[in-house]
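Below: a set of structures, written as structure tokens.
What follows is subunit A paired twice: with subunit B in the first complex and subunit C in the second.
Right after this comes the complex of A and B.
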């Protein structure tokens, strides 16, 4: 048990070693995995969108259109009318996290199990949330909103700037790490059949749920910021 | 797994941004173009359909007006014809009455004339007979008995002549 955790948490995740900078510029496993699935997803998108028509659409285009419209509808529903402009970014993040969580199915280590990735995601989210609020309310309104509903809670509101991305980051990281740890343990106890069944839950369902939760919370924060 | 590397965070952020731009440009951009074109077509078609409906309504109204006008006109014409027919009828009846009266008057007149004529003729006949009788009496010698016979004969002739 302890060895397993040590193995998972302390393994050397450096994949590309850059000879200068004393290891500072080393590229992690997670980033490389991200590159791989990004290359695949970009190729898929280019394939799916290479021949779009207005009339007499193919089944491929019909499926693509309805999938995109469904995702956009769901996400813009979470964002609300005022923040609907951020829909595209949220859909992208949904894809990014969802796929990151699910690459475990193909034998890769999920990138979201690397703290660096979840930190990057939550930093992006908080930047988006705060800039959305700033753009909406202007400098004065942005400063003022920290003192709402009353001045006493201002420190809390300022703390939220850190708490929100931290919780986003840790929730995602912890869930994926936990799922992977449990899967590893199950694989040790029952090597056949059961891991395949449980992988459906931990890799597919949990991965999708966590991606949804991350996007839902980010949307909620943005919606709150632009109100 | 737990050590934090700024380079990797930046790399992930860049990855995310690249993915975002790819999504934005190729997936959403291309799809939006198609959807926009389709929406424009739908709008145009809807506008055309609305226009057609408006036009149809306008022409329907026009025709309804025309029809009601025609109805009125029909009524008018029928009324005129009836009136005219009535006047004509009156005139014909009037004419017929007048003609009838005229015929009756003429007939009366003719009958009167005829009556006068036959009376005149009868009178002339009587006159001739009287003259004849007188001349006969004058021509012959006669007794009172003869005279009496003559008178009887005369009267007989007169009666038979009148009857005949």
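Right after this comes the complex of A and C.
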């Protein structure tokens, strides 16, 4: 058990050593997997969006338009009318986390299993939430909103600045790590058939749910901040 | 090593709370949908939010158990 955990968590995650100054500049596994994603996503987007027309649209464009409208509608429904400008960021994050969680299907290590990636995502979220509140309320109103509804709860509101990103990042990381650990254990016990069925749940369903939950919570915080 | 395993097992008890929490939330959501089937979109959203928050405790327990095993 301990060997398995050590192998999953403590292994050297560096994939490429780039000579830099006196030592090495290490590029992690998760970064390389993210690059592969970026290449695939950019290729798909370029394929889907070349020669878009206003009249006589092709089937490809019709499918693209309905998919984009569906995603935007779902996300801006979570954000509410006042924060609808943040829709595109949330859709992007939804795509990225969803794809990263499901990449375990193809034998890669999910980038979201790296604590650095989830920390970066949650820090981006909290910066977006706080700056949305700041832009909406102005400096004075932003300071004042810490003392709402009463001045007594101000410490709690300040603590939330730390707790929110911490719980966002730990939830994503823990879920993906837990799924991976369970999958590895099952592969040790029953190497055939059963892992395929269970990976449907752990990789596809759980990954999609966690991506949705991350975006849902972020958009909920944004909605609360701009009220 | 045995005490370490015991500690990790105790940390895994957080799963009880998460299980009870999620089951209560699901039961109430089922009730709500049965009463007002037209509101199931909103109920689904709230259920997912509640489940995510309740499940977080289990995840914290899991992370702590792993920390106990690894860093002891």
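Everything that follows uses one rule, which is that the second predicted complex is superposed on the first by the 221 of 227 C-alpha atoms of A that agree within 3 Å, B and C clash if a C-alpha of one lies under 4 Å from a C-alpha of the other, contacts with A are read in each partner's own complex, and residues count from 1 in each chain.
Everything that follows uses one rule, which is that contacts are C-beta pairs under 8 Å (C-beta built on N, C-alpha and C of every residue); 3 or more make two chains touch, one makes a residue touch a chain.
Quick caveat, the model's predicted, so the values are computed rather than measured.
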Joint occupancy of subunit A by subunit B and subunit C, clash or fit: fit
Touch count on subunit A, higher of subunit B and subunit C: B
Which of subunit B and subunit C A:132 touches, first, second, both or neither: neither
First, second, both or neither for A:216, with subunit B first and subunit C second: second
Which of subunit B and subunit C A:116 touches, first, second, both or neither: first
Subunit B versus subunit C as contact partner of A:2, first or second or both or neither: second
Contacts of A:171 with subunit B and subunit C, given as first, second, both or neither: second
Partner chain in contact with A:89 - subunit B first, subunit C second, else both or neither: first
Degrees between the directions from subunit A toward subunit B and toward subunit C, using C-alpha centres, nearest 10: 100
Contacts of A:54 with subunit B and subunit C, given as first, second, both or neither: first
Minimum Cα separation, subunit C to subunit B, after superposition on A (Å): 10
Shared subunit A contacts, counted only where both subunit B and subunit C touch the same residue: 9-10, 177
Residue ranges of subunit C touching subunit A (in the complex, touch as defined): 45, 48-49, 52, 55-56, 59-60, 62-63, 66, 69-70
Subunit A-facing residues of subunit B, complex: 1-13, 15-16, 18-20, 22-24, 26-28, 30-31, 33-35, 37-38, 41
Partner subunit B, residues of subunit A touching it in the complex: 8-11, 13, 24-28, 30-31, 34-35, 38, 41-42, 45-46, 48-49, 52-54, 64-65, 68, 88-89, 91-93, 95-96, 111, 113-117, 119-121, 123-124, 177
Contacting residues of subunit A [partner subunit C, same complex]: 1-2, 5-6, 9-10, 78, 167, 170-171, 173-175, 177-178, 209, 212-213, 216-217, 220
